[in-house]
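These are the structures in question, set out in turn.
Shared chain: chain A. Partners: chain B in the first complex, chain C in the second.
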Partner chain A sequence: MATKVVDRRPLSWAEKTYIPQILSGLRITFRKMFNPVVTLEYPEQRPTIPDNYRGVPTLVKDPHGREKCVSCQLCEFVCPPKAIRITPGSIDEASGNEHIEKAPKDFEINMLRCIYCGLCQEVCPEEAIVLQDIFSANGYTRQEMVYNKKKLYELGGTLPDKHFKWDKKKKASEQAPSH
Partner chain B sequence: MDWTYIFFTVLKAVIMVTIFMSIAGYTVVAERKVASWIQERPGPNRTTLPIILAIPVIGRIVTRLGLIQLPADGGKFLFKEDPFPGHVNKVYFILAPIVALIPALTTMTVLPFGEITRDGVTVPLVLANLDVGMLFILAFSSLGVYGIILAGWASNSKYPFLGGIRASAQVISYELAMGMSLLPVFMWAGGTLNLFDLVEAQSGLLFGCLPKWMIFFQPVSALLFLTALFAETNRLPFDMPESETDLVAGFNTEYGAFKFGLFFVGEYAHVTMGSALFVVLFLGGWSLWPLNIFGLVDYPAGILGAVLSALVFMLKTFCLIFFFLWIRWTLPRFRYDQIMNLGWKRLLPIAIANFVVYAIAMAVYIRFFNQA
Partner chain C sequence: MSDAKDNLISIFIDDVEVKVPAGINLVDAAEMAGKEIPHFCYHKHLPVSGNCRMCLVEVGTPGRDRATGEPILDENGVQKIMWMPKPIIACATNASPGMHVRTQSNIIKHCREGIMEFLLLNHPLDCPICDQAGECRLQEFATDYGRGYSRCAEDKNVKPKRTKLGPRVILDDERCILCSRCVRFCSDVMNDGVLGFTERGSYSTLTCFPGRELDNNYSLNTVDLCPVGALTSTDFRFKMRSWFLKETKSICTESSVGVNTVVNSREGVIYRIKPRENVEVNDSWMSDSGRLLYKQVAMESRMSDYTIEGKPVTPDEALQEAARLLSSGKSAFIGSANSSVEEQWMLAQIIKKTGDSVPCWLVAHVGEGDGFLISEDRTPNFRGALLTGLTDKMPEDKLSALGAAIDAGEIDTLFSYNECPIAAGLSVEQIKKVKFIYMGTHHCDASQYAAVELPGLTVFEKKGTFINQQFRLQRFEQAVPSEGTLNDIKSLSAVLAAVSSAKSVPECVDSIWQAMSQSIAPFKDISFNSISDNGVLVDGSAFEHLPFVEGKSLHYEPKA
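After this line comes the complex of A and B, so read on.
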């Protein structure tokens, strides 16, 4: 292994008084005063959030406005801190989506328990729960921090969906020969 | 002694204290701003009142500069809960911050900050023109450490206690070097200890361009005095009494609310006082360099000259306060043993050598060239 010998000259007389070093230090700090400020002034200016950021988990709808969650409760099962609680419910017969069978009647995520691990997003077969770019969840009471279904859909909004899995399923079942 | 004399003396004292305290207070804000600029941050820039924001352009500038921060901080200190740790002697515990602040305000009485010419006689703008002004300042400013030691002792806690011990050791070590470094200055000025006479001795020009400031005649003294001043005012890199990094907050760990505020203002009052003192001793007080090269030799008579000289003096003091803040954010702090080493093994021998060399040089000069 090559050894690099560092040149350690003995300090000169001037250097032993520390004064030249102090002066050069002062020059550096003085120059810094005229550099542009690097601070982001937070509430007005927001940082750019990368796409794969794990913020607050939210529920999303597909482009047709259909709620994607089918109440399979996988996320509730996988959630390490047990922050998710789902009350399953049925889908209205007249809505045109009755073949999906289930939707959550209520969907609660306790944001005080949530650890933003993203396992719910990973496990969701419907891509219905997504950790998006919201990072400052806050409230005055504990109850306020338990986000219900309405709030979760408000935060989630609509994400582009390329699959339309249930539409394809419906079409396939209609075209398939009856037994 | 008639009553108008007393009235005007008290009035002058009140005005002086008000100005001095607000400068000390705004030094705190300046510290935070300078720190932020050096660290490429905006610093305190939000505190404001709706009335001030309503002023078109100035309101916003004032807010961004953090000038409203001082009343906000003061108000916060006033209204916060005032905690007492258990088993403290309340008398000493309350006395400590008062003792820490009073010396800074007392030394200010003998500090000349300008001159006024009336009927051809120039007198200093000063509360008490003592002939032993410098001795008075040295004597009283060293009393400030009693506040810190008392705080450390009265707090009934180990970190303040260590801070108090360090403060006493540090101040005693550096006071020697400080006093020694000042001896040649006053010898050079003709043996006076009066600060006004010292400033008068520094007016005028050397070779027609350089000012006759002490810093040019006594550079070693100036450097030693400045270093000792940093140690005396407990500023970084000599912040042993506080040592945030190893003693939590040193002597004021147990202090909160307004008592902490008093310590804080006391520290910055010491910085302001130290800067003003350095200006008087080494930077020619209110002498008007470089304007006096172009023939502007003296201040006009009357109030105008008094105000101008005081303004020049304040400007120089502000520059030195800035230097104090600037050094703080440049140099890393010393270890305790390094401070003791520097004080006893470096500064004190250099100060004594400096004194002896100047004494011999001056004696030779007077003896062989017969000029005093």
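After this line comes the complex of A and C, so read on.
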């Protein structure tokens, strides 16, 4: 490509001193010092997370402390990056929850794979897996980033339950007339 | 069968003409026409009970004048179809010439929706924890004909959940839709009427007769038959969801019946084995004991290391050492009717090159037959050993002649393939006298004395063929991968190449079949991929004089 030489206007005397430019820059700096703050001092300050935010997927318990997941493996099936891995298991007789029959023996989510799409939450028939407000998942090793069942319940905590469907089921079976 | 095939009649399913065998019921006739009539209680291999009412269809027959017998014609001169005033069940209706069937009319759709609503009235809808989910007929038809919400304000019935019907079957009665398939299987197929219903109406409950339990060796077929998740297998319960399972066609190795199976696995782990329909062999059934055979894959006694004198070596070193031992002195071979046809043929080729003076020894595994799907011969492939030329006589209970030959110092090397020589009657001293090469899937009593150990693969980790008691050649596919172990055929071909100094030896199933179809008359024109799912009968008339141990079983009559 041919080079085209553009003539520049020569600098004036004032411009050669740079002082007007420095002063106009400082004017903006000083003006902003007294404006309201728009940034957060992360990590000391944390942003407010909206309710429908899709953070790290977690497992939750119901208000009675019962683990809600019944290891139906629908989330494992629907997970697009195949981040979820469940080992299904059964619930012990005489544990008080034996009527629910199934619970995960282990539940792993590989957070290196998770894409925070929320399909697991959407598909869960028990409302047991919820993407809550944790947005920063980090660790020193790859293994650390595979969250196991214990970690997922620690992150998830307890959420209110609208249905208590398994409690209703148990009550019905206790009150059922004998035939 | 040939009568029915010749006697084809024309019926019209949704105005499409189909040729079907006379007397076939309409569910099967529609299936032949590529249409599904939804049904729960009907099963091809069970007597018809007609209690689920799901298969209602509209049926009409060509009209004839009652008095004269003349055809009634409509204004176009076509014989008028006299439609029955109400829908009737397809499973209990036999096709007759000229019959018209409507499977998709509005009335039929309403019927199905009504039936589904009744069936779902007391169904717990606990699909997330139900093992049947994904392969549940009720789930499938609920998506087709279900209402999607319940009009029922009352509570659902409460019935016993987790009833143990037998050692291998658990019943969830709330899920039961009272189709009675399991009841009919026990009473009509097994002739062991264990199950029955008690109570009435929606309180009907499936139970065993007092003092009985569902413990016969075919009890898990009721689990397969159950169209919903009421009957579940104790072994498979809560292990894996059905939609993750990969299905691989296989053959059961329990006995010479050669039951056709489907192996369900996920990511290299087998979760269950189910029967595969083959009307010439096992209908839709299989034994409970055969379903447990997948556990041999992950057994602790599984051989994994190639060793020479107990020291782990590379596969190549072990195979070369085996070949060296076989070609250095007089060799004897113990072959197995547990090996596939291809492996037996490869072994026969090795024997031809090395052990010419000594025949191949086969060990008999005879048990009690049950007259149904377990035969007396507890090996899957003795007929294969006959056809591949591995042997020409019946296997022996005890290899005392081989023991005598070892004692007489006539044998330097003993190669045992898939058989334990100690279980076959040889003594430890006799095994110590020879260089013992053991090739097998699992450690046995004798493997500790082996000069060379060559691990092999189970039926689930390789592909090949078996020939069952009917001389039916049946194919099995590889269900799960093997880790660190060579395919048996690869091992044998490496040994064969070393002992024969041949330029090329067959190394895979397909090339072995090319060689076999040329050299073995009954295998003429057969290639591995040409064997159909139902198997191919091969000519076994050359061996008719042998006193086979099998007695009568399903679809098998011993030659007198």
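Rule of thumb we're sticking to: the second predicted complex is superposed on the first by the 143 of 179 C-alpha atoms of A that agree within 3 Å, B and C clash if a C-alpha of one lies under 4 Å from a C-alpha of the other, contacts with A are read in each partner's own complex, and residues count from 1 in each chain.
To be clear about the criterion, a contact is a pair of C-beta atoms (placed from the backbone, for glycine too) under 8 Å apart; a residue touches a chain by one contact, two chains touch by 3 or more.
Please read all numbers here as calculations on a predicted model, not as lab measurements.
> Which chain makes contact with more of the residues of chain A, chain B or else chain C?
When the residues of chain A touched by each partner are counted, C comes out ahead.
> Which holds for A:70: it touches chain B only (first), chain C only (second), both, or neither?
second
> Given the touch rule stated above, what does A:30 touch, chain B (first), chain C (second), both, or neither?
Only chain B is touched by A:30; chain C is not.
> If we overlay the two complexes on their shared chain A, which of chain B and chain C does A:88 touch? Say first, second, both or neither.
In the superposed model, A:88 contacts chain C only, not chain B.
> Quick check for you: in the superposed arrangement, does A:2 touch first (chain B), second (chain C), both or neither?
neither
> Touch test for A:38: chain B only (first), chain C only (second), both, or neither?
First partner only, chain B.
> Given the complex with chain B, which residues does chain A contribute to the contact?
Against chain B, chain A makes touches at 19, 22, 25-26, 28-30, 32-33, 35-39, 41.
> What residues of chain C sit close enough to touch chain A in their complex?
127-129, 133, 155-158, 161-162, 199, 203, 237-241, 243-244
> Considering the complex alone, what residue numbers of chain A touch chain C?
So the residues of chain A touching chain C come out as 70-74, 76-77, 88-90, 98-102, 125-126, 172-173, 176, 179.
> Hey, which residues of chain B end up touching chain A in the complex?
Those in contact with chain A are residues 34, 37-42, 223, 326-327, 329-331.
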